[in-house]
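Below you'll find the structure, written out as structure tokens, and then a few comments.
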């Protein structure tokens, strides 16, 4: 059995998040920011929504069918950015993309999400990890 | 490695690889143009491949067999030539909920362009085609019925002959997508009475970049070419041109000569085994695999539940492990399966799921591989179902 | 055997053949779909081939490089997508008298369909393009200028950069048919400032069934896909679909994966030699061959008469032996040349001939082969010019 | 030198006809039967014309750019069919096609044209030999 290779990807923290995702709840349809993102490679869908209060992200939550990686990533992401402002978040998104591309750097600011760097060893799964972050990025690009 | 992704593409026997090497090393020349011997050899090898395919699908004439890049191109040509010339506003095109995107989107585009309507035949609870619904949805407005011969997800083989009869009664033409049938069972286009039949070389032991569009002579001969230039031409004036007879009229430019020759070698390989034998062997694998997969706790198998009615394509989900996580874990164990929507998004929505794992078998797979697979699935379930908190 | 028919198709180096065998034996899987490692390897190899081609033609972005079946398909796609979307009644399409059928007939068909006019740039007495005539024939009605970069008959290389500048001044796009240039000289699509550039793998040491359509990003990105289905798709609803970004939007269905990989190996092979070196070597062969051919009594060479301005394609006739008889006789001696109209019937009429013999050289040809060829021509003349009565 | 292989194709009679073709003259444009045939493989063109007198072919002649094989074949063909009637000619055309396909048979009725059977050893040149005969066949199919 070489399933222990999987431990690089499915770290304990990741699996815990996947099994008990944070901020995982259906859309209310009243959020001021809402997007549905689709991973055409695999069919996974994610809904992401939040409100903006004083340039700060509040009530962020996500929903949808996704694999452990995408659920864990969305969980950590929503935890991380909650209460932060646009420019802080934009920086975090950039950091995460960099990490997911396998580039070197200091990713401390990503907190727990650093653990997702294991995905770089599974190139076909990188999109699972970045899907929620791309959704967030697109939402932030909308000026309201 | 255990390769269970044959519905995506098959592995290649040595004889097919050798046929490519042999062409490039010994007969390499362009076809139909040279008046020297090398070119004649290349032309003969290319045209012999057409004869082999003709026999393989029991076409009446060799002119009915056109080389394309693959199923997708074959279907696109039909939409852009036959479709564009025969479908008018208000006409209907009938497909099914289990179609591959390649047999959906070309028709959507055509329908949008001319103002036709695209309709879908329903599926029954077991995933098979609802023939009553097919009958109801056909009318004199129906001009094209295009349905997959074998599903790339549900493990269903559709009754094309019955559909063709219905279609013809309504004055529609019948197209069958043979991408998942031609590799796995004996094909008789005359017996099925289809007007067109499309399939890909790479899924039936052949090379990439080559496929077939079969067309019934009377219909094909009225169709305009899909592409222009090179050997499909007879006479070119400054403002207009005349074209060669079938089949060359549809083969513009230098074709995939090596690809055609390799496909011919694949046909030889399969014919040597015998297509009924291929089908029987795969059937024996399915009857072995399907009950074992169904016995896994928390599994849902899509399509027919009895192996007798199930082809070598088995799509399923585990309630506790997402399809992608399962596929990645299997990959770590050297077992290659597909996870995702399998280019059948309307079917996925119809089934109300986002993705499935898919095991698809072929002649070189074995019971031992299936045993190992079942064993590993169990271990993976354990791995993921630990409490990680 | 002496192979002098390289303008039709080239022979393949071992490294290209090996790359095909290696893919089929070790990396064989479908691309862009699998989440297992084998499929990732296939995808990487396929996409690396795109990068190699990008570098080879000096494209700005990898997204500008699309895989097609060959030049003919590339040009057909342009006519059926860019053409169909941008050419209206009364618009003009400008080509030249030296075009290959593949760069004539798609435009004829388009012009007929939409009521546009197809015009031809004249040639000068030496077979080169008449740029004054080109200038005169361009107007604000001109929407597309499509000219071959290198002739497959006349041994002429056209000043695409100048033509592109003229075309752009009139608001037209510039298309270059690179089938006969990409194999033989360094290509810089940015420097030439073309909007589209088309060529074939099989003429540049690569496999059959693979070719390239380069498109300038800004133009290409506005173009609709030519075919639909498979991996070019993002989302499919029942009645409509959205598509992937460039370059995949244009690659419907399973592509010719092995073909792309083989083309990548051919690019590597040529790049290792260096394209300036390839061109210089061929130039040295031409300066050796052309004077010798011209010295044969009764010979007419078409195109420029000085080897400095003549590419490795030499078309000629003997006054005493018909082109086909000459080609058959050469074949008996193991020398493979082409005889006929070379898919350029308008050019043949322009030159007022029915056919020519054509010698076309490539990197593996030698001076010794040319000596032998000249020698044999003499013997063939004797053979045919006996009095048989 | 293996040019002597060529002797199978370019027999003395054939070359004599090619060098001095019979019935080789430009079209008058007054013939009641006239066709232009084209060999798309190579670009060769043949014009063939004749009058019909009492169901008999008269004044048959051909013209055009062609190789030795096609000229010799047209020469022999025009000689052979001149003065013959439709049904006789149809039979001769059939005989010639059969011979050119390499089938066995007694082709005595073709007279000198039998010598063109050497073309079957040069498959790429068969069309050169049959072009004029196809032209004749098409003309005869026209009922006037």
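Should a chain be cited, it is by its letter among A, B, C and D, assigned in written order, with residues numbered from 1 in that chain.
What we mean here is this: a residue touches a chain if its C-beta (ideal position, glycine included) is under 8 Å from a C-beta of that chain, and two chains touch if they have at least 3 such contacts.
What you see is a predicted model, and the numbers here were worked out from it, not measured in a lab.
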item	value
Label of the chain whose CA centroid is most distant from the centroid of chain C	A
Gap in Å, rounded to a whole number, between the CA centres of chain D and chain C	37
Interchain centroid distance [CA atoms averaged], chain A/chain C, Å	47
Length of the line joining the C-alpha centres of chain A and chain D, rounded to whole Å	79
Per-residue multi-chain contacts in chain D, two or more chains	41-42, 124-125
Contacts with two or more other chains, residues of chain C listed in rising order	33-37, 39, 233, 235, 324, 328, 339-340, 345
Chain contact graph, described as a line, ring, star, complete graph or other shape	other
Chain pairs that touch, as defined at the top of this document	A-B, A-C, B-C, B-D, C-D
Partner chain B, residues of chain A touching it in the complex	1-3, 5-6, 9-10, 12-16, 18-20, 41-45, 65-69, 122, 124-125, 128
Chain B-facing residues of chain C, complex	1, 3, 5, 8-9, 11-12, 16-17, 20-21, 24-25, 28-30, 33-39, 69-73, 75-76, 79-80, 100-106, 108-109, 111-112, 118, 120, 200, 202, 207-210, 227-231, 233, 235-241, 252-259, 324, 327-328, 330-331, 336-340, 343, 345-346
Complex contact set, residues of chain B against chain A	322-325, 328-329, 332-333, 339-341, 345, 348, 353-355, 379-380, 383-384, 386-389
Complex contacts: residues of chain C adjacent to chain A	32-37, 39-40, 233-235, 244
Touching residues (chain side chain A, partner chain C) in the complex	38, 40-42, 123-125
